[in-house]
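Multiple structures are listed underneath, in structure tokens.
Next come two complexes built around chain A: one with chain B, the other with chain C.
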Partner chain A sequence: MSKVLKRASLPTASKKSIGRRFKNNYIGWLFILIAAAGISLFYFYPMIRALLLSFQSGMGSNLEYVGLDNYIRLFSDPTFIAALSNTFIYLLVQVPVMIILALFFSVLLNDATLKFKGFFRTAIFLPCVTSLVAYAVIFKYLFGVDGLINQFLLDLSIISEPLNWLSDPVLAKITIIVAITWRWTGYNMIFYLSALQNVDRSMYEAAKIDGASSFQQFFYITVPMLKPIILFTSIISTIGTLQLFDEVMNITNGGPGNATLSISMYIYNLSFEYSPDFGYAATVSYVIVILIVLLSLIQFKVAGDDK
Partner chain B sequence: MRKFKRIATYTFLSIAALVSIFPFLWMLVSMTNKSVDVTKGRLLPGTHLFENFKVLFESVDMLTALVNSTIIAVITTFLTLLIGSLAGYGFEIYRSPGKDRIFNILLLSMMIPFAAIMIPLYRLFGGISSSMPFLGIDTLAAAILPTIITAFFIFFFRQNTKMFAKDLVEAGRIDGLSELGIFFRIYLPTMKTTYAAAAIIAFMNSWNNYLWPLVVLQSPENQTIPLLISNLGAGYSPDYGVIMAAIVIATLPTAIVFFIMQKHFVEGMMGSVKG
Partner chain C sequence: MKYFQYRKTWLLMLTVVTFLVLAACSSDDANSNADGGEEPDKITAWAWDPHFNIAALEIAKEAYSEDINLEIIENAQDDIVQKLNTGLSSGSMKGMPNIVLIEDQRAQSFLQSYPDAFYPIGEYFNTDDFANYKLAPTSLDGKQYGLPFDTGVTGLFFRTDYLQEAGYTMEDLTNITWQEYIEIGKDVKAKTGKDMISLDPNDLGLIRVMIQSAGSWYVEEDGETVNLVDNEPLRKAFENYKAMIEADFVKANSDWSQFIAAFNSGDVATVPSGNWIAPSIEAEESQAGKWAVAPIPRLNMDGAVNASNQGGSSFYVLDIPGKEKAAEFLADTFGSNSDFYQDLVLDVGALGTYSPAADGEAYQAENDYFSGQTVISDFSAWTEEIPSVNYGLHTYAIEDILAAEMQNYLKGKDLDKVLADAQAQAESQLK
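Here is the complex of A and B:
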């Protein structure tokens, strides 16, 4: 009704109101000007510069164009291959483990008859308030050779001598994975908890009457209902893991050897630790960009299957 | 069976809660102990708290890091909220197809990994170091500038503006307020909770930021708290008690905000999925 009225009154609108609309449209652009300019300057412009850099090579600021040389170099660079495969191990192990744990917690906490619900929820979410550097340093000490984890495992007689968590290639990766899972599970859980509140409880009642077990309810009601939010959190986690830096830098410094090195840390080393090769570092950084785009598309495809 | 399930649930959740909280308890206890006792695995409060803080502030210069981190986080939060909310409001209130297209393009920047733009940004600030020393490498301004404008906050404010009663804008116009006046005198006061949630996230991001300050801040007098903790942690003979005291100081502001404003805190963290 109001639309009709508006349309009807348009032809008789005074010049003043047309002028005002034009003016408001113009003011609207001013509101977004700083943000648009800032994002162009600090995100899009550097992206273009990085793309140009990725075709150049040389030390420091003495750069020259070398075509695709940097991209070819990637395939025969053992450090890059190590960083890439480490990152994939983190992705394939850590993200699913964390998401399943978070889902599990949220289902347990969604039970209306559960006591101390607020306490459990707050406690599991608490790791999210720490800074990445701070918790990384704490985990470095907890997993040290004479750290508390070893002492605890020795006391329980699970191990007979202290494990070299940080200097064994496999254990070091496990340490990084445990650390990230500790920090982020509660964060994901909060998303699932709020989504679960929108799931109609009568569906569970009906399933119970039909004799569905808790596991069946989980896989046939909870997971399908939470699919969009699971997709969202797995994309966020994937993007986060591809950019992993703070933890690796502060827990293992990429070691032992390059067993825990992440792609972001390799970029940092190439630019600021070794003799700076900004061109090749930019090439490596574009690998992350390509991976983010590809993996996000794949996740969308996988989740959109049954549409 | 039912009872067994109950017990299993509580056991499982209790272990999860303990694992989540333990590192916090450990750092609180360790900050009161001597370094030797921390390595021995002492889990009881000690009497070394005062000495640890003394070392932290006298020989490690925690004060400088604390001041730098506070300056950076406060300015960043203020500017992030101002620019983000102006843009979010602009996109929603003065909606037009052209602006929507720009909005979608700006959102793409959320996919850009920081590692990819870090080197060009470093070179950008390096390039202006000689002509504009106050804005070049190793200045707090350089640490702040690239972090204040993010698509996330534009998106966050736009989503929340959808819940703002647009009649108020018309009412303001009729009352003769300017467009900017409407924003500052009507929109801003009614959106207090949105600003609170955004402020928490912006402050936390800035307070905890590590990679960009690591790249751009080089001299000790520009060090921030994460840089200081990282340096202490990488030392060959770390003083655990002192490091734990530094970590507690780093964690305290976000922990306090979390406990006082839990609702805003969680809301802010989840902001991106709203609407």
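Here is the complex of A and C:
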């Protein structure tokens, strides 16, 4: 069905008529020109400058070209490797958890018999409206030694003494993952929810008549129908996680040690915390670009979008 | 065909117009930069602490013998660092302040990264009037760029009531080593149930305090060579740090406000810190009379003294229009006015490093909050003893490496290996 939809949305024009259109639509191209000039000026030009910058090194404004030195330096830089592996841990744990939770919520909320749907939807979507910094600061206090989470766990006698959420390497990572999941699950859920509204109810009815259980309905109807959206959200989430900054900066400041350091935060440190080396910082930022391209390609391949 | 040509011309014209507009925009920028030679009527200054350095600037504005239109802008210290870095590296001095406060441990990084951005102010005041250890971090290649502000001299602030309950007096805390401090801490925890100290596991400030008391730093005298693996004071500082964590009297904090809350709420018994923490301690009026200051503990080794430095900052003038005005203002107040320093001490508790001011009345005054202790004169006496070290360029880069290795050390990694690994990492990172 999704294939049918896609084909319908493609322009039906043949090659010949595309050529004619090109000639006929100078005015149309004019409109594009302005946008294209804007994009070139504000996107491509900085990207090229950043690429050039990534081949330079030096303190502050004393930059000079060093060839591939910065890229070689990456491989022997333990802080970078720590940041990279932390980011991958976030990615591998957080994205699947969030996607599954978002699917779960959206299926629950799509139930025709559910009351107060609007309220629940808003409640789950609400975290996305909050400012990144504001919620990160609140999480920091929630998970502090004297924080609400510890109080809660102590009162329920789940733990006997307060946990050092933010100063234990593993717990700090968990805190970050919990925070991002809280913030972004609702956002992804909205995508699924809107996709679910387009799924024909008659398919579920037919499946029910054929004796399919709810689980079977979910795995054989809902998931395949949502596949393009799941792909889209997982790419968006992957990109988002690779760029993770605000939460780490505000909740743990990369610590303890560099147990929660993300790549973006390392870029920040290289530029502003240490003696500024914008060249190397640009190199690290290009690593994110390369990773995003690679991961997106893999996701397309795995999701089997064969066209 | 003609029809198309007409269209093409149209396209061409639009393109030309677009480029003209863009070109006009950029030349506009260039013009305003070139025009910047005229004197501004307003001098701006950036600082970060409204109770401390901003308050000091306010007093300086009052004390200035001439009229000045000084606008003081409060920015968090991190924001100042960030804004300076982005502004100065862009090459445009637009939006930069005339006067900026920079922490001493960061100063060299700025001076060397942006060699033309700062205005040498050595001719405006007499550098001999200032504590010697402040001059090295604030100058470069023989030129004085910074006007030294506060000392950052450290002291061991402690709750007299808690310590008394555990059976300790001022004398028991005077000129002790960190080992003795840890023993006292265990005792205090056992007898009063209060934690001894509040630490942020991400911030190795206390390690820096410890090693400077023995005249050592993360780098050698030249400010470049990484000095971790054979650094005896650093090794001892790590051991002390671990002993503290293991003694179970550390209340963890994860940011500044939690750190302040830890002692304002009465949860911890001591605060080993730079003297600039005094106003924050005094802010909790209900604890008046319950605090005292002892000299900072020292490392248990030859050459270590009971005096060290934490933080401390200096004023810099940026090389932009208004620089002479700004430099004259600083020189007339922070650079030479002894009376002004008395006000500074009385009103904000800010202790400068201007030596002639130490003879003034205010420096000898007794502080009621600290049960009549002559806090200021104690601090200025300790200031004289602070060993001078070259902070170099890479304090914070090395510290992040050390903070990571500290975690490994706390988890049980061998100390030799910890320091060797940190050394190797730092060397590879700081080429």
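As a convention for this text, the second predicted complex is superposed on the first by the 269 of 307 C-alpha atoms of A that agree within 3 Å, B and C clash if a C-alpha of one lies under 4 Å from a C-alpha of the other, contacts with A are read in each partner's own complex, and residues count from 1 in each chain.
Just so we're on the same page, a residue touches a chain if its C-beta (ideal position, glycine included) is under 8 Å from a C-beta of that chain, and two chains touch if they have at least 3 such contacts.
Note that the structure is predicted; figures quoted are calculated from it, not measured.
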Chain B and chain C placed together on chain A: clash or fit? clash
| message | One more residue to check, A:Ile159. First (chain B), second (chain C), both or neither? | response | neither
Larger residue footprint on chain A, choosing between chain B and chain C, goes to B
TODO: Would you check which partner chain A:Ile72 touches, where first means chain B only, second means chain C only, and both and neither mean what they say?
DONE: neither
Taking the superposition on A as described, I'd like to know which of chain B and chain C A:Pro256 touches: first, second, both or neither. second
With the two structures laid over each other on chain A, which partner does A:Tyr135 touch: chain B (first), chain C (second), both, or neither?
first
For A:Ile81, is the partner it touches chain B (first), chain C (second), both, or none of the two (neither)? neither
- Query: Which holds for A:Gly28: it touches chain B only (first), chain C only (second), both, or neither?
  - Reply: first
> Between chain B (first) and chain C (second), which, if any, makes contact with A:Phe125: first, second, both or neither?
Replying inline: first
For this session: Could you tell me if A:Ile239 is touching chain B, chain C, both of them or neither one (first, second, both, neither)?
Result: first
- Check the residue A:Leu294 against both partner chains and state whether it touches chain B (first), chain C (second), both, or neither. neither
Clashing with chain B: of 237-245, 255-263, 291-299 or 327-335, the chain C stretch 255-263
Chain A positions within both the chain B interface and the chain C interface are 27, 29-30, 34, 61, 140, 253, 271-272, 278
Residue set of chain B touching chain A in the complex reads 5, 9, 12-13, 16-17, 19-21, 23-24, 26-27, 38-39, 41, 83-84, 86-87, 89-91, 93-94, 96, 99, 102, 106, 109, 111-124, 145-146, 148-151, 154, 179-180, 183, 204, 207-208, 210-211, 214-215, 225-226, 229-230, 232-234, 240, 243, 247, 250-251, 254-255, 258, 262, 266, 269-270, 273
The residues of chain A that touch chain B in their complex are 24-25, 27-32, 34-36, 38-39, 42-47, 49-50, 53, 61, 105, 108-109, 111, 114, 119-120, 122-142, 146, 148, 151, 182, 186-187, 190-191, 194, 214, 229, 232, 239, 242-243, 245-246, 249-250, 253, 263-264, 267-268, 271-272, 278, 281-282, 285-286, 288-289, 292-293, 296
Listed in rising order, chain C residues that touch chain A in their complex are 4, 7-8, 10-11, 14-15, 18, 22, 78, 81-82, 85, 88-89, 91, 109-110, 112-115, 117, 201-202, 251-255, 258, 393-394, 396-397, 400-401, 403-408, 425, 428-429, 431
Within their complex, chain A touches chain C through residues 23, 26-27, 29-30, 33-34, 37, 41, 59-62, 73, 76-79, 82, 140, 144-145, 164, 166-167, 169, 252-259, 269, 271-276, 278
